[in-house]
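Notes for the one structure printed next.
Lettered A, B, C and D in written order, each chain numbered from 1.
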Amino acid sequence: MKQDTATPQAPMLLHLRANLPIVISFACIILLLLLGSLYSENFLSPDYLIQQLKVASFLGVIATGMMLIILMGQIDLSVPWLLTTGAMMASAATAFGPAGEFLAVPFGVFCGFAMGMVSGVGVAYLRIPAMIVTLAMNVIAQGLMVAYTGGFSPSDTASSGMRYLATGNLIGGVPNAILVWIGIGALAVFVLNRTTFGRAVYAIGNRESAAFLSGAATQRLMMFGFGISGALAAFGGVLLAGYAGKAAQSMGDAYLLPSIAAVVLGGTSILGGRGNYLGTVAGVILVTLLQSILSVMQIAEFGRQIIYGLVIVTMLLLYGRERALR
Amino acid sequence: MKEWRFFAAEQRATLLALVLFLVMFIIYVSNHPAGFTPNVVQTASNKGVILAFVAMAQTLVVLTAGIDLSVGMIFILCNCVGSYVLGGTMASALGGAGLVLLTGLGCGMVNGLIVIFGRLQPIVTTIATGAIFFGLALWLRPFPGTVPDFNGDLADLFTGKLFGVVPASLVFLLAVVLVVWVPLSRSVIGRAIYAVGSSDMAAYMSGMPVKLARFTAFAVGGLLAGFGGLFLTFFTYSGEASLANGDNYTLFSIAAVVLGGVSLYGGRGSAIGAIFGALAFRTIGDLLFVFDFDPLWQPLFQGLVLALAVTFGAARLFRIRNRLEMFS
Amino acid sequence: MADGQALLRMEGISKRYGGVHALEDAHLDVHAGRVHAILGENGAGKSTLIKVMSGVVAPDQGRMYLDGREVSFANPAAANRAGIVCIFQELSLIPDLSVADNIIASNPPTRFGLIDRRAQRRLAEEALVKAGGEDIHPRARVGDLPLSRQQIVEIAKALARKPRLLILDEATSALTAADVTRVMAVLKRLRSDGMALLYISHRMHEIAELADECTVFRNGRNVESYEQGAKTDNEVVEMMIGREYRHAFPPKPPRPAEETPPALAVRNLSWTDKLSDISLEVRPGEVVGLGGLDGQGQRDLLLALFGVLRGVTGEIAIDGRPMAIDSPRQAKSADVGMALIPEDRKTEGLMLPMSVLHNLSFAALGRHARFGIIDRQAEATSVDEMIRLLAIRSNGTSIPVSALSGGNQQKVVIAKWLMLSPRIILLNDPTRGIDVGTKQEIYQLLRKLSGEGAAIILYSTDYDELIGCCDRVLVMYDGTIKTELAGDEITEHALISSALNIAPQAGAATGEAGHAPVSAASGSVA
Amino acid sequence: QPEVVAGPSNDAECYVPWSADTKFFQFEKKDGPYRVALANGYIANTWRIQMIQTAKAYAAQPEVAADLKEFKVVSTGEDVAAQISAINNFIDSGYDAIVVNAQNPQAFAPVIKRAKEAGIVLVAFDNILDTQDAINVNVDQKGLGELWAHWLDKHLPDGGKVLEVRGVAGTSVDTDRHNGIHEVFDASGKKWDVVEVVGKWDDGTAQKATADAIAVHGHFDGITAQGGDTGVVQAMIDAKHPFVPFGGETENGFRKFCAAHAAEGLLCSSAGTGPAQVAVAIKTAIDALKGNVVPQSVKLPLAIVEDPDFKDGENFYSAESDNFFVGNSFPTCGINFTAQEIMSQDKADK
């Protein structure tokens, strides 16, 4: 694993074992593209690949938050509606003149952060299982958005800044969305590997009581973890709203299970404490590509679901297996 | 300690779930325009029993410290299968019901086999198999429908009232509890299910049938989800491959299990508790009916009640004097 | 050596973990009606050997014969069926099941296919009686029992399987002296009933009392087997550690003067009904022991000082300044400078799957970080330094800490706190499951730290340790400090009598307290 | 128990029977004011929110309010069992009429039976019930598909490659529209190469699916999408795909695009029925309770706007949100809400 590089004597074998998921998922990505190219050569065209990376970056941003939570041994089921909240709040802010336009993105992200923090309080301080806290938070966020839309008829057009962030091109043909993901990804790698916060995330995921007795502020960190995950989900929503030009109620539905699948396919242990961001990158690209290729190949919906499931199981069987008890 | 104290300690979570449900149900019924009538109870119990089955299914897997994110999809698949095979004469429809249950059992067995021999985490395995099960459901029922000769009499038998008072669905649920849950929980495998969830290493070291226990939990879980799907078919006379519904029932079942006092960390709780959890969860939805909320605020109200109900479980926190106990 | 066919014979057993040879060409003969002790320092391969024997671990090479026939066990259940039952170093109890369920875990009596709980309960009660646990209710949840009671349940569970060969891997390490005596009596009776026993312990006097035959392991290999009594303790220890061995305890320096201001002063500390009205002072350079029977509030006291417990009343002053310590985080802060070596390293001390490096540096991470960013060079340097200082045996720092042997894991726990150079060190039974060589190193380390001005509180279940290490001992009883012993007053006799809260002159209490008589030779060792 | 009678209905202009052999119902006249309930399923999308707002606004109109003692709305989510139970509860609580947007058209047979026994008027709209025993206020979904296909047929004289963005798989609405499209294509005798992707009636999903399809297939000669149309156009713009004839729904955002890019070749047919159909359903229920004759199956007119008829402020609103559905009035039924009236009613209250 990356964070082990400080010790040069680390056995190669361990590295290989830890990196196996990443190697295999990248191999699968290439395999998928090759299979796709049998159907149409355009699957290998730069246009298509850039387009996939752009779409993947939305999932990438969201999966970053999910990975943080999973590393802590928790799970965040509130992604769909925190994402929507971020998108809708950012769009709503746009209606308030230039200041609103300027603050749209931070405001949307902040809303996600705040709601994530509430989940965090439930999980870290009230010790309610994350699965149920975030489920409830998802319902609450949905309720808030329904009441808000119905009651206030907010603006839901994305600001020009949001559009630029998601669809503009700062550098040549590289969409900004990809740059945003690279930025967030780099930050995530840095935080996870090089900061005390990152180290504590792994420690909490491995054994929270030991981390607590070692004097880590486990509860506060966990609460913030949920805050960050909420913020990233909301940021993903902001980007999606920018991409689509507007926020819509149902925009988050398609992101919960794929974000978990991406993280896990990337080799992060669902039990927490083990995982590498590069793996998540691979997982995100893989999931996006798989969905896209199946969609373009016009496989019937039922067939897509089945293939999607089979691919995940097969990949996990290749490298996601736990050690036998003996 | 006296014997009964041990009994109370063992059953505390289940009893709490019962209390939670009763409190909510009393609030509901006492505000219901029709009051406490057999019809109102029948309606509530039909709706509750469907989720109760799925929640029981979830409980078995959760007891092994796993989670089954495909229960909802098994449930949907069984519903779709049911919409094909519950037609014709009483006998053939009953045979069809058996087929529905076998479908559920089969799905559960697939989950179990992958988890055990693939050594994969249940949560990710079932995300994947859930997609597969849903794909199959969609293949069977590209759009909602039913067999032309659907046996509504059989369906009404299970969703109607016995002697005009007792909801048949409740009686049937009780029968399933007695025939499936009670023997299982008192068998060697059942105890191994608890043991695996509590500490799988220790269970293995103790020579308990660890793999069989996991397998059984998934398989019987699938069977129970099949009962849920069967009941949904009885209730709706039809099948529908609804993705949203599958996901919802999965999530609802988790909520029900938590409300029912089953520990998501495994090893603690009972399917009986989960049943009360499911009924309580359903009552949250029913409360909308008796309180006059602006329709646009209803979803928020539901979310808040759910949050409140689960915060209930946090009450034990205030008794904790040693912070290390928080982590277990 | 005993004659006749060995009940169990192992030949040429090897097991590697990555680059580590946990076992290399190991062999062993176990005979019915005898107690065979296995000795060896931490990481010598003892646990691995018995894991092979009981079907938990598959050996890379080697053969096993039961009654002369070759066998291999696919899993613990298979070994159990063959009559080999093991009490593992890590408890194998299921916390959420009842005592009875645990004792009759593998094949309970059934009626109509269902567990016959009445019959099971009877069997469990019998087993509990045999193991000396009459006080344990068969219906109690195991997770609710204290560690020492769980050990008894573990023994009862093993006995309920009617083993031919019973293996105890440090099964007594969590027991109090009184319990140990009872267990010893049980084991002796089993031996006379013709059972074969394999006994692993780091407590030399227990081995001296119980064993018929001993085998010493070092680095995964047999060093020597001998009849108990054929070697002096010093010879044994030297075989184990492979070098010369002198004194267990370093000399005590003169105690700091009475007027030295205390580093830690506690006034009238109380907590629920577990601790009441505790006052104590520890000066820099002083090692203060906590004595008493197990479970008299010693652990709670340490946790209370470290800010883990809620609702603690009373005053705590650090260097004369009153402090309200309400979290471990605050306890380790520069203002307080406290460290706690916790009791259970698996759940409280270590993040087992994480690397040795990350475990070692975790508590002191703040030291190697600026604005939350870790200086990995500095981190690696001080980790290496600690590994050297405590002589931690580890195949690199990037392997998971779970791959270390128990003793080395314990050293990691201690080392990670020493990296903070704490001024007040609380130790909760730090030498449990640790070999004599390592123990000695830890004692010396404690002395060195106190010599450098640290104030130390040491709780130990081992009286010798209190006698050998401490300047003063506070004996606790029922949540309060009953007696304070200082200097030469710290004798075994005094410790025991005050632990039982009886007048010191009641000399007969020694026997009743059941502390195993310390043989002349072992007194100097363990 | 309604009596099956001969038509026509009392308001023949509004209540257009579905087909020539549609039955007419006459319920026993009840004295008002009535207790009417709306059993909604899913709520969390703009269409449904708009629908509920419309229902409330309609019920609050003085002449309607005079007939209503109580108007209760419950949204039970996607779970069809919960919706069935809600209707059962309304039945048991003695409501006079129940209006329902069904989660699943097949699932209500038992409820319909109970409602019939209890003499309660059951009116379904949007997602209607597959029955002859309840009143359906119907959108011709298949006709909608046919309309779009005809539009493409008209503008593509040689046939060609068409992108079909479908809705949520497994729903009858999606299937009906899809069948409508393909029947027309097949009947046209031209060569059509239809590429199907799934947009799930969601702009984001539709946009992504379209972008992928364009990246792989390069060029399409025509597009039809059922919902998510704004996203589809957005994807075309992002991919610099030339504008082509398009048959789609009635989202405001879509119409904005249609108006703006018509000159560049985005020739649209925008058709559908807005959420105001709930008002028609309520009106039908009240009429039935009054003992008036109503058809068992009411055919709603489609609100169709086709190029070059897009007019800002009239059939789309450039200053308003993209998300709402225009075409929210049924003049023949005297229902004349404009969409932004509905969506901003609370804002005005505050």
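By definition in this document, a residue touches a chain if its C-beta (ideal position, glycine included) is under 8 Å from a C-beta of that chain, and two chains touch if they have at least 3 such contacts.
In UniProt terms the chains read A = Monosaccharide ABC transporter membrane protein (CUT2 family); B = Autoinducer 2 import system permease protein LsrC; C = Monosaccharide ABC transporter ATP-binding protein (CUT2 family).
All figures in this text were calculated on a predicted structure; none of them were measured in a lab.
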item: Pair of chains joined by more contacts [C-beta pairs], A-B or A-C; value: A-B
item: Chain centre separation (chain A, chain C; CA means) in Å; value: 44
item: Between chain C and chain D, centroid-to-centroid distance (C-alpha), Å; value: 73
item: Centre-of-Cα separation between chain B and chain A, whole angstrom; value: 30
item: Centroid spacing, where centroids are CA-atom means, of chain A and chain D in whole angstrom; value: 35
item: Touching two or more other chains - residue numbers and ranges from chain A; value: 142, 146, 150-151, 209, 212-213, 253, 301-302
item: Interface hub residues of chain C, defined as touching at least two other chains; value: 56, 75, 308, 348
item: Shared interface positions of chain D, touching two or more other chains; value: 43-44, 49, 52-53, 169-170
item: Pairs of chains satisfying the touch condition; value: A-B, A-C, A-D, B-C, B-D
item: Interface residues, chain C side, partner chain B - complex; value: 56, 75-77, 80, 88, 90-98, 101-102, 105-108, 110, 113-115, 117, 137, 139-141, 143, 157, 271-272, 300, 303, 308-311, 348
item: Of all residues in chain B, those that touch chain D in their complex; value: 32-34, 37, 39-40, 43-44, 46-47, 50, 138, 141-146, 152, 155-156, 159, 232, 235-245, 248-249, 252, 282, 285-286, 288-289, 292, 295-296, 298-299
item: Chain C residues touching chain A - in the complex, by the definition given at the top; value: 18-19, 55-58, 75, 306, 308, 327-329, 331-333, 340, 342, 347-355, 357-358, 362-363, 365-366, 369, 372-374, 376-377, 379-380, 395-399, 416
item: Chain A partner contacts - residues on chain D that touch it in the complex; value: 43-46, 49, 52-53, 169-170, 195-198, 200, 202-205, 207-209, 211-213, 215-218, 230-231, 234, 238-239, 253, 321-323, 340, 343-344, 346-347
item: Complex interface listing, chain D residues touching chain B; value: 38, 40, 42-44, 49, 52-53, 56, 72-82, 84-86, 88-89, 92-94, 103-110, 168-172, 174-175
